[in-house]
Structures are given as C-alpha cells and as structure tokens.
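The chains carry the letters A, B, C and D, assigned in the order they are written, with residues numbered from 1 in each.
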C-alpha cells in the first residue's frame, strides 16, 4: 500500500469513529475516553504518513464515487502532504485535549459532536487530497457544513445561532466563488480534473479573473479583509477544541486552496497579483492585530489574532508571487518558506492558546477578560503551558513564532534585487508594517496572558478554579512541545518545506541551509543572515545562570515573603481592592485604541457627575459591518420588497400576467 | 413470458380501482391503510414495468395509445415511489387532522379517492402516447388536485383552490390550443385521424412539420403547461395551493405534478426542435428558467409561512430544471433529469417534515415553530438536512445536479452563471435563516398523539444523499437514454 | 572558529558586564555636572549594585515563580545582547547565533518577561507600568528594526558583524539614509533606555513612571539584577550605535591584535557618547506619556524615510 | 350547395365573434348565460355542417355532445346557480367597457394576423376560421380578466373553451374521438366543480365578488 491508501485508511477510520459514536449517543465516558484518543492516534498516523509522503513523488488514486464520468480523483503531492501533516498535528493534539474536554457535551449529545468532529477532520483531509473540481467542492462544503454544526453545538444561545449562520453564509458564498473560479479555469473544456485545469493556459485577463475569484473564495474561508467578519463571531461561539481546529487547521485549508490554484493551477501570474495579495494580507494583519489588542473577550482576542496571522501568511504568499513573476526563484522560495513555516507554527501555538482558553472556560465558566485573572496560581499547568504559546504567538525567539517572521523580514530585505523600482519603493513600507504588526501582536499576547493568568483574581470564584484534567494537559503539552521543538530546530523542517517550494516555484532552500550544519538557520548565505535558535537559547540560559550565580551564590541574600508593597497601599492589596485597581482589559487596550481610533467604530457611554449608578461603557465595532454588510442586506431586502409587489392576491392581475406573457410570447415566435 | 403491457395496465388500473374502492370505503378507519396498500401495489407494478423497459425495448400498449420509453419510465417509477411514500406519510398525518376536527369522514373519503385518482391521472399523462390524452389527463389531474386543495373548506383553502382552478384552467386551455395547432400541422403531413396526435408518429416526421405552426403551437403549449410547472410569471397559483392544501398534497404537487407538466413541455420541445432549426424552444425555456430562479429567490426572502416558503423554493428549482432542459445537450439534459429526481425526493421529504412540525406547532407561521431539534431530534434533523440538501449543499444530490447544470451553463452561456449563482446565494441566505430559527434553540412544542412517519423522510434523504455520492451505472445508463430521447 | 575569536567573545562579555555600570555612572555624573548639581562618584552604580545584592529581597506572597524568574531572564537576555554586538571585534562566535532581527527579538523577549512579571502581582502601578512599557516597545522595536534595515540594505546583510565590517570598509560617504537612521536610532535608544524626554530614570513619582513602575515590587538581588540589566541594555545600545554609525577602530577577523587598540577606542567613543546623552537629557524636558507615541512614531517614520531614501538613491 | 354550407361555417364563425364581443359588453349575468347558450348552439350548427361536409361520423357524436353539454346542461346549471344565489347583475367591471371593446378589436386584428400564415397552409374547408377561433379565445380571456364576479369569470372560462372547441372542429375538421370525449368530460366535471365552489364561496364570503378573494398575498410589512 502506498501512502495515499494509508491516508484514506485514516480518513475512513475517523469516519468509523464518528459512526461508532452514534451508537453511544449519550455515553460521554465512552465517547470521550475511548473514541477521541483513538482519533488522536489516527491523527498522529496521518501526520507521520504525510510526512513520509512529502519526500515521495505524487501519488494518485480514484474513488468511484461522485459524478458519472467524473469519479473522485485524489492526488497526494508534496503540497497536499505538507498540509496533511499540519492537519495531523492539529488533529492529534486537539483530540487528546477533547478526550478530557467533552464532559457535559455542550447542548448537543456528545456522540453527535464526536461524529461531526470526525467528519470535519476527514473532510479537511480530503480537501487537500481532492484532485478535481467536483471532489474539491464536495469536500470543501462538507467541511464547512460539519464545522457549522460544531459551531452550533450550543445552539440554545441566540448569539451562537447568529454567529453560525453568518459563518455558513459567508462560507457558502466563498464556495460559489470557488466554483466560478474552477469554471473559468476549465476554459470551456468541460473537464474539471486538476490535471486538465493545469494544462489550460489562460490568457492574462481570464487568469486574472480566476485569480480574483480564488482570492475571494478562499479569502472568505481564511478570513482575509473584508470577508473576515464571520471569524471573530464563529470562533468564540464554538466549543474551544473546535475553535482550535477551525483557527489552527481549517483556515490553513484555505491557504492550501490559494496555493493550489495560484501557484499550481495558474502557474503564478503577473507581479501585481502578488501586490493584491500583499495588500490584502497586510490589511488583514493590521486590522486583526489592532482589533485583538482592544478585545475584552478572550476567544475574540484570539480570533482576531488568527486574522492577523493569516494576513501575515498571505503577505508571504504575495511576496512569493512577486518574486516568482520576476523569475527570482530562490527569493520566491524564501518568501514561500516563510509562509509555509508560519502555517505550521500558527497551527501549533494557536491551538495551544485556544485549548488553554477552553480549559479556563471549563474551570471558571468565564470568557470575559474583565472577570478573570490570577489563574496562574490555581491552574499552574494550563498557565505555564499557555505561556509557551503566548511567547510563540508574540513571535519571540527562540520559539516557533519567530522563525517565519524572521524569514519574512529577510525576504523583504532582498527586494532591492527587484527590477521594478516602484516595488522597491513600496516594499520598505510593507516591511515596516510587518514589523509593526509583530510588535503589536506581542502587545496583544501580553495583554491576554497578563489579564487572564496574572494579577489578582477579579472574581471570588476564580480561587476555586480547578486545573486541567490529565488528557487536557496532554493535549496542551503536545502543542507546547511542538512549538518549542519547531522553534529550536527549524532546519530539519526546512527540508520538508523545501520539497513544497520545489514543487511550487521550482527551487528551495535546503542546500543553502544544509551548507552550515543543522543548528544554524541561514537561508541564503551565513554572511548575509543567520540565526541559530539553539545557540540563542544557550546564550540566554548561560546569561540567566550567570545571574543566578551572582545573585544566589556569590551573595547569599536572604529572601522574605511579605504582602505586596503596592507603593504603600498594602492593606488595599490585602483587602482585595487590588483586584479592582489593577488594569482591566479595556484599560490595557486603551492606548492602542487611542492611537488607532480611525480603525474602529467606537460608541462610548461616559458617566455624568449626577449619575446615581455611574456606568462607563465602550463598545468597539468593525467598520466593515456597517459599511458593507448591512447595506448589502438592505439592498436585498429592498429588491425582495419590490418583487413581492408582483403578488398582491388579485386574480384578475394574475390572469393579466398570463395574458400579457402569452401575447408577448406570440409576438416573439411570430418574429 | 408475460407481455410488458400487463404491468403497464396494472399500474394504470390499480390506482383507478383504488380511487373507486376508496370512494366507497375511504371514510373508514382503515382508509389510510387501504390507500397505502394501493399505492404500494402501484409502485410494485411500476417497478416491474420499468424493469421491462430498461431491460428490453420501449413498450407500446393498446395499439399505440400507450408508449413507455426510458424517459417516462423513470418518471413513472418516481411518481409511483413518491406517491407510495406520501401515502405512508399521510397515514398518521391525516389521522391527526381528523382528531383535530379539520377533517370529517366524508372529507377523508374524498381525500383518499381523489389521491388515488390524482396518481392515476399523472400515470396516464406520463404513459400515454396521445398528446390529446396527455392534455386530458393533465386537466383531470388539475381537477382532482383542486378538490384536494380545497378539502379543508376554509376560506383560505377555497380562495387558493379557486385561484388554482381558474389560473390553471385558463393556462391549460392554451395548451389545448397548442395541441390543436400540432394536430393541424401533423394533419398536413400524415393526414387526420388519431395517428396525427400520437407522439411516436409525430416524432417520426418531426422534421417535415410546418415550422410556423409549430412555433405558434409551442408558444401556446409553453404558456399552458408552463402555468402548471409554475414558471414566473405564471406561478401565482402555486404558493397559495401549496400553503393552503393538506401537506401530503403539497408534497405531491411539488414532487410530482410539476414534474409531469415539465415532462409534457419536454415531449413538445422534442417535436418543435425537430421542426425549427433556430432552437427557439430552448431559448424560450432558458428565459423562463432564469426569470423563475431569480424572482423566486427574492420571493423567498420575505416568507412567513413555512409551506409557502418551500413552495417558492419549488418554483426556483423548476426554473433551474427548465433552464437546464433549455440549454439542451447531453450533460444539461442529464443534469435536468437528475435534478428532477433529487428535487422531488428532497422537496417531498421536506414537506413531510414540515407537515409534522406544523401539526405539532398548530401553525404554519415559522415564528411559531421553535427548537425542533429539541422537541424531536429526528424530525429536526430531517428538516435541517432536507433544507441543506435543497439549498444545494453537498454531499446531497441537489449539489451534484446543480454543479452539472451550472458547469454546462458556463460552457454555453457564461454570462448567465453568475446571475444564477447570485440567486442561489440569496435563496440560501433567505431559507437557511428561517430554517435555522425553526430547528435550533429551545422549543415549546407539545407532544403528538401519533408517532410521526419519519421513514419516508429519511428514505428520501437517503436516496438524495446516495445520488449525490454515487449513481449506480444502470441508473446512469437509464438517465443517459432518457437524455438522449429529449434530444441530447 | 579561532581561539582569538573565542577570546574576543569572552573579552567582550566581561567588558560589558564590568563596564556597563561604569557607563551609567559616567552619564549620571555628567548629567549632574551639566545641571550644576554635585555629581555622584563615578563608581556609584557599583556601590548600589553591591548594596542591593547584599540586602535581603522581599517578595510578595502572592507572587508566582514568573515574578522571580523575570530578573534572571532579563539579565540573561541583556548579557547575550552585549555578547552579539560587535564592540571590540567583528569576529565573534556568537554573532552568527543572532542577527539584527534576532537582536530586536531578544530585546522584545526581555521586555515581555518584564511586563508579565510586573503584571503578576496585580498592583495598580505594576500593571500601569507594564502597559506603558509595552506601549513604548511596540513603537520602538519596529523603529529600531527599520534603522537596522537601513544599514543592512547598504551592507546587504543582517548579521551585525558583517554589517559593522562592511560599514567600516566602505569609503566614507555622507549617506542621507544613514543620517535619517542615526536620528531615529538616537530617539529609539532614548526611549528604550528610559531616558528623558520619554522617561525619567531618577523619578520617584509613580504616576509618571514607565520603567521604574515595573520594578516597584522588586527589592534586593532581584532589583540589583534588574538595574544591572538596564545598564547592560544602555551599554548594548550605545555599542550598536557606535558600531554601526562610527564603525572605525573595531578589530576584524584577520587582525586579532587590533583588539588591543580597540578597547581604548571604544572607551573614548563611549565617553563622548555618554556626555552627549547627558547633554540631551539636560536640555530636553520629559514629555507627557501620551505624547510619547508621537515621539516614537516620528522615529519610526524617520527610519522608514531613511529606507526610502536609500532605495531612491540606489535603485 | 356544399359551397354554400362551407360559407355558412364562416358565418357561424362571425356569429361566434359577435357573441364574444357581446359578452364583453354585457352587464346582466342572465343575458350572459343566454349569450353562452347561443354560442353553444352556433357551435353545434358548425359541427354538424363540418360533419356533413367531411363525412366524419364521429363529429355528429361530438355535435350531440356539445348540444347536450353546452346548450342544455351547463346553461341549466348556471341558471340554477343564479337563482339560488340570486345574482342578477355584475358590478362595474375593472376596466370600463368602451376601453375593453377597443382592446378587443386590437386583439382580433392581432389574432387574424397571427393565424394568416397558418390559414394559407390549412387544408380544411374553412381556413379563415382559425383566426376567428383564436380571437374568441383571447376575447374570453380578456373577459375573465376584467370581470369582477365569479359567475361571469366562469362563463368567460366556458366561452374560451367554446372557442377552442370551434377551432378544433372548424379549423382541423375535428380532433380524434377519444380526445373530444375527454375534453367534454373535463368540461363537464369542471363546470360541476365550479358550481359547487360558487356555493361554498358564497357561504364563506357571502358574496361572489372575487375582490374578496385577495387574502392570500405577499405581505407589505417589513
């Protein structure tokens, strides 16, 4: 059996698990403790097989289901294998966590959740395998549908229903765009296999249209501006493992689709394509990060941060497209590597963070940052594991989040090689924006961690919060380890990415990197740029140890525990007033809100001196919502009202319609 | 070897006999069971007939008066099948209606016998070879359904039935004129007499028929049968009739009657295409199709009554089929037939679920139906999956057929595709918002005295799902032949 | 790598650890002089460090391990920073471990830990300080990165050693982009090292504090390490500035002996730089906290303009 | 003789057209019924003439059928309904009568022009009649549109069916027997159902004014 068969076996296994769960619809113990760990095993297997498959040539298979004359073509090449690895890694950890998470079964019976969950996983895997338009769309929509039902798991809550509706609607519109895109790609050959689409070489206009449709369709799923509005609604609504999967894995399938269509089926394109993607990516990144710093709800904060990361990935893709358009293979590979690396890194730390919020949610029942705090004392496991995710998410060395940003900035520095002066002028600005985004991401992450896990508990009940269950710790640890390992040893992973870049842009970084050992990451040449996470970590550790040596050994200064000083307000601190005097989530985000005021639609309610119960409230909304979406809905309503005038209940009028139609038709056929 | 005419007559005579029997015994408690029995028998006969046709050659019966080829054979099976499942569904449904006092013994009798006659008439319309008889059967089917729609005798149902009768009566009258013109045209080629109305004869000489006359004829036929298909702007009777009649009738109206009317148009289109070279018929159908899809999509946005909403969705889908057949060509025709099948199955399944839901809520207003999933999970899932299927989400069959239709549209008239897709998106937004509100959340629905008949719902959905994932080769073969006959 | 390289590396670290407080003392002394105050002795910082290290350190009972880790981590980060900045020689083993971008990341890492530690106790001033520090950081770091990019665009490299080397080797030209970068860098280093006009290291008024507010809860050895790390940071920044904008006199791979001359050259440069810093701090007044973003944004823009100018002149 | 009879068919056609116009202009329901009966009688006449000329015996049958159905049965039915529900007068039509007449004339021109090419091809004895039949159909259609009460609408419906029947016999020398029978049956059943309906509508809305039948419609709100 070759790899693709094994992958199909894994998919089938997931489906079987789902079906099995139907027979134990309400048996939480069985579903959680037996089925989900099995699912995790399968995920691990998937990751392993796919990893092996990256280094193999393309493999094809056909399922005799689907349309007559168009059986489901499947193809496993480096690109799909790479994303399958991501899916496997994400699925494994999330399933482990879920084994401990699904205690009560949120609204829907656990068995059903299990089914939807595994169908979701299977569909995502199949999306990356699909090798013809029909199969792709079927899997794509199945994925959307399964995730939709997962989001509505807790459908008793009206907000959840609305969020899910918005999500499915935008997903569906995106799918329609993708369908149109395939329709353009097949260039009237009527054959929707990717092999054929690849063979069609469209003219510049049509390929540009196809590209635009692809960006719209996949952007809707990935959450690129301005189609991002569903994301901060749907992620908080879903159960945390689902949010983790959606944010960490599902969004990546959109990136996969974008890569597949743009690089593989369309063979790259004009340089301005890259510019479009670059612009959209930057806009998303900036908007996402700025909004995430001002959120007051932890999962919304993370959702916006996902928008930011997707934006950065898209920026990398755009840069790769630009380089490719000018035939700079290596540089294109560099940018692409940054993007692909980011895909895995984001999968790791974002899953970790979302699962962390899940644990917090279960322990405290609070998702509002304003009611959390100090959890590092009551839930040390979660807190310390999430800290890894936070550091990685802020893009700090030596963790996984830093490397893609490093590579991205590196590839910006090479834009002097571009023949196009306009781009040469533009790129520094983009680089600056990326740097700004990275720094702001750090701000948002510090806010997230500081407000949730540090400081004084803002509510009494937080003191009784119980730490995560063993299974949950396992899931968190899986991702934390991943984030650390990927951060410390990027070079082996570069080999994997190398295969993908070879397939897409015809060159890779592997040789250049291997030239200087597997500890030193130096994409082009060591004298140009180099970064060695291990040495970095070693250096910091050595310095820290030196500090310890000086502080603890040379001088044996005693250590005394006492109430916090708090500039003499100690009694206040003791009286738990501190919990109120420390920064709230709003407070921490306030400077950013002031600086980036134009981004938001802010509605304030300030207390007047005469209020008996003074109330301060700030609501921050997305301008796109009122700017674009509501007007669109209003337009549809207006048209519907106009159409409704056709049917006013009077039979004579109806007869008149028939009569006029008849006469008109007669005139038509007569002429 | 039994001649193939035996199953043919069986499946024509069984429902007629059923109508007779039920006209005497329909009011009894066993009425529903008898109804089911006859429908099941009809289904068996239909399957037998279909088997004969698929295995062997087209069947001619009673001289040449009846004619079965793959095209109508598959519709015969579909009709018999949906007729049977609907009978199954109406068993508990009508019982509850009777307990509620909405039905009385005589009305039960009327309902059951008319139901059988309706099925019979549609089977006649499908199997006959004589275009005149086709018209007669269509008219008769209209009359029976008029009685079925008005069976509640409420003001609303009377109004609906009246509009239904007048509009369809007038429409079908135009169809008669069209048939007349066909006869006139054939008269000049093959001489008068009954032969001049037999489709097989006409099809044989279709190229020699006088184009001018056929163009006119098609205009009248299109208006006539188009009214029954429910094409915009001839559709006005449809939502009322669906909303006010008993739900089983809404199911068969949407699931069967519209198909049969479209089938009639197709038969005529074949002849017209033979005579006219300019493909006028196709263009006309495309026009009606697109108009119906777009307008219906926007109608969906404002619906309050659940059955009315799904009636509009039927208009939308009939428009899509008309569009597909208008495009012509093997793929489009194939897609149209597939869409016909899956739409009948899915839509009737939806109406079954909706029927039970409305009975539980005691109202057809969607605002009164809440939390179906909570009240009865199976019912809720039936409605949810059915709606998602009808909205064209994979892996259900509707997606497959819509994919084929849209892709062949992309090949033949690219500019139409975005319009259709836009309309589909609007329809999705409109319908799904409503359905979601109905199925999710907490519910206040009281329990029901009879267990709902969910077998039909899930049987239909299962089939629709199967068609989406895998079409068995013999079925594909069958569809291909049918598509061939429509002039693929 | 040669023994000379290892030696150079070692020497650099020692020099930094030892010299950083001295630089601090030097700047304080000059500031006092320029402000007509009686100047503290040059070695005052050493006394302070010693005193703090000896004293017992009081830790709030609600403090988590994170709180106690932070000083060590920050100290470690700053040590590494000093180790990778070529002050004496460009032939450094550790230089390949982290290039300019990683250096910025390193500084950010230290900042993040400090901010988290300050939020750990949940005291009003601690969290306020953390917020302000992050606010300064999110503008200062990109600006710093951009200034570094200016030079790396000129030198086609981001590894500090190579940057310095090729800056030293290129014929002396007045590069406007470098001028922009230089100004931006000055502003950034003022902000990053909590100097007037952004922050006042000598303040005792909590409401105006940025950096000091982070340290309010620290005492004893923890505070000592924090202060020492701050000194190291100042040292590192000064060295980066000097190395990039006045790179002459730094020893190179082929000439290890040049290190002997490199030490006094560096000392001289630092002395001048310190005096300039004191001067700036004297002539300018501390600005209100919400003016700081504008100040830093200016630096950011200057750096970006520097990049653009470079592109304009090159391409 | 035959030629004379042949022309007499055209005469019948003319009568039919006149009757249709008369129906449009007529307000009194009772006389509408009379006009309908007259139309039926003309139809019988025309059918028998065609039967005699073309020696198609089955046309005699259909003539008899028409006689029984459209001259005797349905008028009786309508009379009964009118007596029971006592509706003598129609209310003012939705479009005033002169306008309707003008439109009607336009329709006649239209349908003649439409039927012209076919008439030239037609092999039947009375080729001109097709246009007239079509005109009758369209006129009755319009009558259904403009009339505001149920009974006139029904009469319009039946008149339209008459027009069709005339087209069938005169223009194409009669449809096959089975079809004729089927049509006849449908008309009968339809008429019966309509009769029943009108009683029910009456008891539901205590009026036959179809303006009451406008409850089922798209709501304007929202």
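We adopt the following convention: a residue touches a chain if its C-beta (ideal position, glycine included) is under 8 Å from a C-beta of that chain, and two chains touch if they have at least 3 such contacts.
Since we're looking at a predicted model, the values are computed, not measured.
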Note, CA centroid farthest from chain D's centroid sits on chain C
Higher number of C-beta pairs in contact (A-C or B-D) found for A-C
Cα centre of chain A to Cα centre of chain C, whole Å, reads 36
Rounded to the nearest Å, the gap between Cα centres of chain B and chain D is 30
CA centroids of chain B and chain C: separation to the nearest Å works out as 80
Rounded to the nearest Å, the gap separating the Cα centres of chain A and chain B is 45
Touching at least 2 other chains, the residues of chain B are 162-163, 166, 170, 174, 216, 239, 299, 302
Residues of chain D that touch two or more other chains sit at 114, 141, 144, 210, 213, 215-216, 218-219, 222
Pairs of chains in contact here are A-B, A-C, A-D, B-D
The answer for chain D against chain B in the complex is residues 114, 117-118, 121-124, 130, 134, 137, 141, 144, 150, 153, 157, 160-161, 164, 167-168, 171-179, 182-183, 185-186, 189-190, 193-194, 197, 200-201, 204-205, 210, 213, 215-216, 218-219, 222
In the complex, chain B touches chain D at residues 130, 132-133, 135-136, 139-140, 143, 146-147, 150, 153-156, 158-163, 165-166, 169-170, 173-174, 176-177, 180-181, 183-184, 187-188, 192-194, 196-197, 210, 212-213, 216, 239-240, 243-244, 299, 302, 304
As the complex stands, chain A meets chain D at residues 637, 641, 644-652, 655-656, 659, 662-663, 666, 670
In the complex, chain A touches chain B at residues 64-68, 134, 137-138, 141-142, 145, 152, 155-156, 158, 161, 164-165, 168-169, 172-173, 176, 179-180, 183, 186, 188, 190, 192, 636-637, 639-644, 646-647, 651, 654-655, 657-658, 661-662, 665-666, 668-670
Residue set of chain C touching chain A in the complex reads 53-64, 66, 71-73, 75-80, 83-84, 94, 96-99, 101-102, 105-106, 108-109, 112, 115-116, 119-128, 130-132, 134-135, 137-139, 141-142, 145-146, 149, 152-153, 156-159, 162, 206, 216-217, 220-222, 224-225, 290, 293, 300, 303-304, 307-308, 311-312, 314-315
